[in-house]
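Notes follow the structure.
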Amino acid sequence: MSKLEVAMLGHVALEVPDLEGSIKFWRDIVGLIETDRRGNEVYLRGWGEFEHHSMVLIQGKEARLHHVGWKARSAEDLDKFATYLRGQGVTVDEVPAGTELGQGEAIRFFVPTSGHPMEIYWDMERPLAPEEIRSLLKSQSAQARLRGVSPRRIDHVNLWCGQTSPDDTIAWMSEHLGFKVREYIQLPDLKLGAWMSVTPLVHDVAFMFDPATRGARLHHIGYWIDTPQDILHALGHFAEHGIRADLGPGMHGITQAFYSYIRDPSSGHLLEIFSGGYLIFDPAWEPIKWEAQELERGLFWYGDSMDPTTEPEHPFARTTGARTE
Amino acid sequence: MSKLEVAMLGHVALEVPDLEGSIKFWRDIVGLIETDRRGNEVYLRGWGEFEHHSMVLIQGKEARLHHVGWKARSAEDLDKFATYLRGQGVTVDEVPAGTELGQGEAIRFFVPTSGHPMEIYWDMERPLAPEEIRSLLKSQSAQARLRGVSPRRIDHVNLWCGQTSPDDTIAWMSEHLGFKVREYIQLPDLKLGAWMSVTPLVHDVAFMFDPATRGARLHHIGYWIDTPQDILHALGHFAEHGIRADLGPGMHGITQAFYSYIRDPSSGHLLEIFSGGYLIFDPAWEPIKWEAQELERGLFWYGDSMDPTTEPEHPFARTTGARTE
Amino acid sequence: MSKLEVAMLGHVALEVPDLEGSIKFWRDIVGLIETDRRGNEVYLRGWGEFEHHSMVLIQGKEARLHHVGWKARSAEDLDKFATYLRGQGVTVDEVPAGTELGQGEAIRFFVPTSGHPMEIYWDMERPLAPEEIRSLLKSQSAQARLRGVSPRRIDHVNLWCGQTSPDDTIAWMSEHLGFKVREYIQLPDLKLGAWMSVTPLVHDVAFMFDPATRGARLHHIGYWIDTPQDILHALGHFAEHGIRADLGPGMHGITQAFYSYIRDPSSGHLLEIFSGGYLIFDPAWEPIKWEAQELERGLFWYGDSMDPTTEPEHPFARTTGARTE
Amino acid sequence: MSKLEVAMLGHVALEVPDLEGSIKFWRDIVGLIETDRRGNEVYLRGWGEFEHHSMVLIQGKEARLHHVGWKARSAEDLDKFATYLRGQGVTVDEVPAGTELGQGEAIRFFVPTSGHPMEIYWDMERPLAPEEIRSLLKSQSAQARLRGVSPRRIDHVNLWCGQTSPDDTIAWMSEHLGFKVREYIQLPDLKLGAWMSVTPLVHDVAFMFDPATRGARLHHIGYWIDTPQDILHALGHFAEHGIRADLGPGMHGITQAFYSYIRDPSSGHLLEIFSGGYLIFDPAWEPIKWEAQELERGLFWYGDSMDPTTEPEHPFARTTGARTE
């Protein structure tokens, strides 16, 4: 059997304690487009996305990650993943079509090493945008920049592994889902984290050590913004709503992201608005290693800096909760 | 055997009638970095590239395309391509390591339907940039924007097929090299062209009908510029050198490229400086079809327009010569 | 008496044949903010403006310029202008406060040499923006970029003088209203036009020769957009509404404007969205002269070009109607 | 006598302890253009400037401000200023032509209230740029963006007044040199500072309270960069030279500046690279007042924040030395 690989990051499903508050942030201020709604679930996507949703907001008791949805490369691969993962001793739940609006049959499981909740799906509806916002450009579903920050598409998720090395998880994602390590931080006695992708994006997902908590967490969700200039405008837009960024604007050396991090005031879930970056097409790419003495440059090429007094354990310690068993 | 696919566009080798004149354009004004030189060959790359070269300039009798170099996915694949293509009746030349500086063994052949000269390689040196221009960012070889327009990396090639439909060539590239059609123009009686990729880029290569000439040609080489703002600055830089763009700045509807086209005054080879665009990660992507009545929007979302008086046959008729037998 | 000078361009009043159509363009698509309305008059301003309006749309029989409103440097200066201009033989109409909503007493007159209708005012209300769009930034009245192209403020007007040299008008504006020539085009037998200002802007107003018509006209109104990148986004926004620019995007050599010209489809009035430019603080500035052989560079540093076949008389011949007696 | 007003900020003369080190920063990394040199003085300007220099670097014992050069509105005004200031009891030094290379006769004096060294000049040479870097655009002296950060022109100076209120100095600059207050910070018991201009720029000069030192200081020199995107690129360029910004990138609410602050490693003199901002044309402009509870928004609209633990006395406490008696 040729090695299985997922195709792309499709969506993130988030539980939030105050659904209306989170809708206000993600739809009205950030400007994601609501595509559907069922009971206590709201479905959103960016103007560049054709699939039914890249984000699901679910009314829950507290803020946590419900799951990360990965698209398989084919319907067959979806079946193969179910079989393969069970063969690896993973408990795989089959969720019927419609469990998530717009989505066909899927499988869900937890990464055995870290506990992060994952989903693999294949079939997804591609609803047209309402006519009044539909784009005349055939390669995007809706008009760009109609409201708020207006991200084009989901870009990546950043997941934290608690107080143990993310090494096992990085290895597991690589061996079983096909992710390649693109860049990583190696401290003398700890792999601090790795940026991994199945696409030419420098990362679809990152896994990081988390000095502050025990369990698995979602750190942030990255959405793509077309240019750094648009990110600057976005920060002005957030400021008009009294929202200050946790970090940024700045540029990470690792990933070359031009970034800023903004927290949904209602749930605490963290958004990275992300532009720039670079693409990796070369199959011979060797993972880039960053060591302790070059860490500030790797994390903050410009725009922020490491603060030894407030960040004794981790230079990047801003987190949100994720689903645990 | 699983289907063979090339991995990425690696480089373009161009014959030029006045090597010094072309060096002045591509290195001194455009700002590509010279990495090597041997006799009448000069090797260049962008600051974001690690491979030995993305462009070779070769002193020749006239401006023509020497070959387009595609990287295989592995050393094994390179061998398989040689066997497979011969099995398809294609004449395949094996070129020894060092035929092109920095490059290992490779194969060369002509696309049977169009006659465009192609190369597939695997092994390529990754020389460090000279220390004085080397980047502290580990994900790029040299400092960005040190001179001229300063492209980051090669993006795509646009190839013209002469006065017959590019249909056969599009099909051949798809069937034998693994390219997927991302967008295409279908006129009532003619497929005007298609944009194809093996990567998530909306195109690594395009093939177009050419009303003006018989044989295969290179239309242009696309290099990536990080932002549209940088392309605008680039046009000011060209203006200071008395060089006016053939087209642009503008945005293509097809590919969403923010573009401008500038001709090497010495050779006539055409450069597209390219930013924006969009990425296709979805394996279920259906090629986007553009028809006659929406052609202006597809070609020129903004910035240029179709002129029925001067463009009777082709809205995009600016070409340069390519290698023929 | 120290020489009189107006202080700044305040607003433009435009007659339009289809008020609703023009509101749709200027308010809903361009994104100017409606501040007031009375009968067949609608008042608009940009988000960076505090005065009551920078544009008035007036239902009329046809598209024409009603007047250009210049702010005096003081209430005293307004009186002095009335006296002074009458002393120059100019017919000066005094219009009572409230003739234009938000505006105090003003004077109106026609430039004697060209016939362009001008107004000088001093007193103008500064209404707060509605709370839901008011900015937390105290130096602008409303939040930026809430809708459409979203210009910050009016920048300049470009006025055409018909088939005679604008020389007399340029001299009159200079001698009587205090404008300084910043750049001009001198053809062998004709001053093609001049860019003039009382502020450090390279122009508040330009006067141009017009080969195509007899009378005075408004050529276009310039509104300021913060960055060239925003102008590019604006062109995509217009494209979604099926509106193509008449010219641009590009950069004028003269004024260093990064520009595009878009026509109100309903009235034909022409908008220049304008960014870049440069500022002139030096009182010793000498007007820059552009001659025939450098005209293309002066008009189109990049982005457009002069076409000798379609522009035999004037490289810039796109005009809209203005008020005549 | 009509009230005297200076016309514009012309240049800043800085003493530096290591001339070669400072040349490396300001010329080679920042990218100002060296126009002249005499003994231990080096003269620099931006590519958009026509006057002989906007910065003089002078070998000195330590980093301090030698003087700020203001251009008069006319030769007559220069004479009038000498007489007028003496009439106010100010000691005025007349410096002969050539004291500063390129400059005619000038006067120098200290602001009586703060001690900041000022110069007023009228006559200044306007040397052509060397042909190889001269611009084809007639409204700038040299080609843009040839090297480094490449500022267009000087924008403003920010001066600190020591541990007493800057109130007297603000009043003195207003009454005697013609500056208008555009924005200011009023704390319950202290005017923290004011931004003032004689031009439509929101400030040509700012005066601030300085909790940390007794005497007058130069805080920073602002140079104009065309777009925020260029400032971001600049920060990458500084990073390649191992230079991290003291502050930014971010946007000040006050002035609407998109900024970053970078220190000459050799002298400690501080550069603000500055874009954005807004222009004030209205003679009826009322100074904008910011109070304690809105200070963070005024200082850091986005990008930085006030830190009560490290900035107990002043949110902006980064200073360099200035000339005292």
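Things to note:
In this document, chain identifiers A, B, C and D correspond to the written order of the chains, with residue numbering beginning at 1 in each.
In this text, contacts are C-beta pairs under 8 Å (C-beta built on N, C-alpha and C of every residue); 3 or more make two chains touch, one makes a residue touch a chain.
Note that the structure is predicted; figures quoted are calculated from it, not measured.
When every chain is reduced to the mean of its CA atoms, the largest separation from subunit D belongs to B. Centres computed as Cα averages put subunit B at a distance of 47 Å from subunit D.
If you average the CA atoms of subunit C and of subunit D, the two centres end up 32 Å from each other.
The multi-chain contact residues of subunit D, meaning those touching 2 or more other chains, are 136-137, 227-229, 236, 239, 297, 301. Taken chain by chain, the contacts link every pair, so each chain touches all the others. Residue ranges on subunit A touching subunit D, taken from their complex, read 227-229, 232, 235-236, 238-239, 244-245, 248-251, 258, 297, 301-303, 305.
Only residues 135-137, 143-145, 227, 229-230, 233, 236-237, 239-240, 242 of subunit D touch subunit B when the two sit together in their complex. Within the complex formed with subunit C, the subunit D residues making contact are 2, 7-9, 48, 50-51, 71, 73-74, 136-140, 152, 183, 199-202, 226-229, 253-256, 276, 278-279, 281-283, 288, 290, 297-298, 301.
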